[in-house]
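Okay, so subunit A shows up in both of these, paired with subunit B first and subunit C after.
Up next, the complex of A and B:
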């Protein structure tokens, strides 16, 4: 038992060291083509996972907000020659503002109705961006570069990798902290029983709206960082296909814990790079994987890992299996 | 100063008396924040009158643009008539697609995110039947409609039936199915845009009798079919025994089931009919517009916007929503002040936002 716990710690430590030293350990290609997309997709996915896990709100507007920030920042930096860092901050602020507006509009509903309203709002943003010439139509905005102190994201991704890693870890810790604050506890109360929370004097819609605006700021940050690392962004970066891709990442990783977003984003990035080499119908395979996870393991890969962990520990300790804590098996996503 | 001090003392023992201006400001900001979280209001005040004023103003603007140059041949009226007819036929397509979605949602609380895929599938089936096999257009449309229906029914029986009541999970399942279907349709039917050629009877234009205008007969036919489908659905739901069961199922599924109605069978029929409507919409959409990868998403999103505006589960809502969306889209693309044309989606956003602010469940929707 002790050996297993130690082994588990070693595995986690090795993953931690690999993530920390990645630019030193691996060729540039791995950093720029796998690590950076994993982090930006993961950041967008974690905003969705946060809303769904702690607010009971599955949003399909996250990529739309990602686009609001990314496209605005890119347009300001490239067309208006604003300093990229300032442009990025303006973009993120715009995404948060849009999130406040979207959140206020959608906050009276939950479940599938919330899903539909956010889908509509996100798609309206997509159609708007793909029609307005200032955002480069479908060609997009090219030659978007991060602030000079982050270096060249394609050839020398070390600096920007550490920067984005820092941002990602920062947001992850912020969300973990937030859900323990009175606001976070109230948000979970709103998720579980909005009527009772209303009766207790909490304003349900304001809690949902503020959570949505925070998630919008995170998704917006992901948009700005993605524009920087890809050195381009277009309206097609936020099409419905991409929206569903982020949803796939969140679901495949597991919608019941924040860690799932990173695992899902990593899985999806690796699959999207190596998958097409094996099959022309890569999207079908991904769809089937997505379907299988929704049908069989709503907890996603994190759910699978957690239950393997529990079983191994149970087998080693030879004790009674404690009451099933795996929420995926006993509970359905809230609707 | 007197009253402010008094109010502060009722707020409880704080430090403001001793602290400086910053501490006082912080204390007040904190109190306001707590107030917002408990009883604050986000509701848009007087939103109804604002929305009404906006609607009147934009209608006035459109009419000014139309009649500014008089009623003559050289004025803007002929163009206006064509745009209005375009909007009407687009509304017909929107209604065909959205009525199926709203029927399924109203009864089963299932958001069928694969609805757009069924639309595209119906269109592609009609296209391959008419173009490759030389089947008569009318027969092809009927086959496409039924095929989409059978496909939707299979989806419901295989994946959704045993997840009944788990709304969000069902939505995710249908999203996964839509991803698979989109890729498979790309595989089978290719990526180039296809169009179904209309039947000979309706292929040409018809004269409208004013301003020497003519208009594609098929587009007028779409409006007629949408009307007929709307009336048939209304009759089916309001006037037949089966429709009565459907309405009872919408109101209280558990009670209907307890009264001895096989609600599951009713669900299956509703899903079949809803999917048929998607396929029918696709066959018509493929004739009027075109069929290409991505059209599934376009019509899924349009249908969802239509039912958000009109209200989920309401047939009248789907009709009004389809008309509003189509007219706003067409008019804003043409009549926005010059230079603002690309921003026409903003008008659609304002429409959706106004409806959600006024009535979160849509114009004809009821609280779930």
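Up next, the complex of A and C:
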């Protein structure tokens, strides 16, 4: 068992080292085309996973909020020449404010109704941005660059990779901390039984709305970072297809743990890059994979990994028990 | 004379033409133990839902602790000092026993929008552990609520209501599904409650109900048909008729 635990830690450490040293270990292409989209999609997906895992709310408005921040920040920076960092912060604040509004509208419902309301809000965002010239219509806003201290995101993505990695790790740890705070504990209670929580003195709507605004700020951060790394953003960046893509990432990774968002985003990014090279029916293959995961492991790939880990530990502890029993028998005093 | 803890005036509730509660008048005094009894469909749980704010009345008024709360939402009534249990256990299955009790204490404390835990939380956790001990779950603190047996979930449900240190406790069939031994423990626990807490109780187990209650209200078809001491209720033929399903004009 000890050897297995050590091996497990070694695997995690190797992954950690690879992620940390990725720009040094791999060509620029890997950082800019796989790592950066994984982190920005993962950040959007983790906002969805947080709401779902700890609030019991599956939102389809996260890409809409991603767009509110990304498109506003891009427009301010490119059209109004606002400093990109300040424009990004304004965009994130706008996404959080929109999240408060969206949350207030949707928070009295749950389940399918919540899903439908947030889908409608996401679609309203999409159609709004596609119709307003200031946001570039369907052509979008081009030449969106990050602050100069983050360098060129296409040719020299090292600085922006580390910056986004830091933001991603920061948000992940923040969410893990948050769920143990009084607010987070109460949010989990609201997820389990809103009526019970109301009877305990909780204003369930306010709680859900605040959680939604927090998730909106995270999705908004993803939107700003995605605009910087792609150097462009358009209304099509928040279309229904993208909304479903983020949901797929969250489900494939696993909706019951925050880690699932990163695993799902990585899987989806790799599949979307390499999948079409192997088959013309990439979308069908992705659909089958999605269906298989939903049916076989509702906990997604994280659920599969957790299950394997549990089985190995169980098998190893079963092996140890007879060995301990044998040792115990051999150590019995002889009469 | 003491101010009433609960005062119901001409309280009615209809669901799609069905009169679940009809013109109920009731007054419960501080520290009183009041049982609300009656056959299934008598309107007892609807009455509790109205008092707790889970349902809005069709007509009439509700006063709690001397204040009109008819239009006050359930969560604000809870903040005034009302706690309740439900007919079927409503514990928080994704949380541990201790976290269930902590969340309940936190709700009454009103500090649940804090994003940083502080000394208040340490006190609330301590209160949660005390409540667990009181309801016999001290050795299950780390267990997930979904892993508890039915009896343990009922114990936790009671702990959740009690940890809030309410002034008014509404217990909806707390003995339902409990074994004989568990019922005895429950009765002892309810008898040991401080007199600062007023208790209203719906219960089908007459032994439990009439041991705890000092006054009993009998409901039938949404109306209050009788009110009296346990001795008066036991002796009244109308109560026997109602429970035996004999026609009784209300």
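Here is the rule we go by: the second predicted complex is superposed on the first by the 318 of 335 C-alpha atoms of A that agree within 3 Å, B and C clash if a C-alpha of one lies under 4 Å from a C-alpha of the other, contacts with A are read in each partner's own complex, and residues count from 1 in each chain.
Basically, a residue touches a chain if its C-beta (ideal position, glycine included) is under 8 Å from a C-beta of that chain, and two chains touch if they have at least 3 such contacts.
Worth saying up front: this structure is predicted, and the values here are computed from it rather than measured.
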Check whether A:204 is in contact with subunit B, with subunit C, with both or with neither, and answer first, second, both or neither. second
So, A:120: does it touch subunit B (first), subunit C (second), both, or neither? first
Between subunit B (first) and subunit C (second), which does A:181 come into contact with in this model arrangement: first, second, both, or neither? second
Kindly classify A:131 by the partners it touches after superposition: subunit B alone (first), subunit C alone (second), both, or neither? first
As a test of reading the superposition: which chain, subunit B or subunit C, is in touch with more residues of subunit A? B
In the superposed arrangement, does A:195 touch subunit B (first), subunit C (second), both or neither? second
Subunit B and subunit C contact sites that coincide on subunit A, given as residue numbers: 183, 186, 201-203, 206-207
Can you check the complex and tell me which residues of subunit A touch subunit B? 58, 101, 104-109, 111-113, 115-117, 119-121, 123-124, 127-128, 131-133, 183, 186, 201-203, 205-207, 209, 239-241, 244, 247-248, 251, 280-284, 286-288, 290-291, 294-295, 298, 332-335
Subunit C contact footprint on subunit A (complex, rising order): 178, 180-183, 185-186, 188-189, 191-193, 195-204, 206-207, 210
For the complex, give me every residue of subunit B touching subunit A. 36-42, 109, 111, 159, 165-173, 175-180, 182-184, 186-187, 297, 300-301, 304-305, 307-308, 312, 342-346, 348-349, 352-353, 356-357, 360, 368
For subunit C, which residues count as touching subunit A in their complex? 52, 54, 73-76, 78-79, 83-84, 86, 90-95, 99, 102-104, 106-108, 110-117, 121, 160, 164
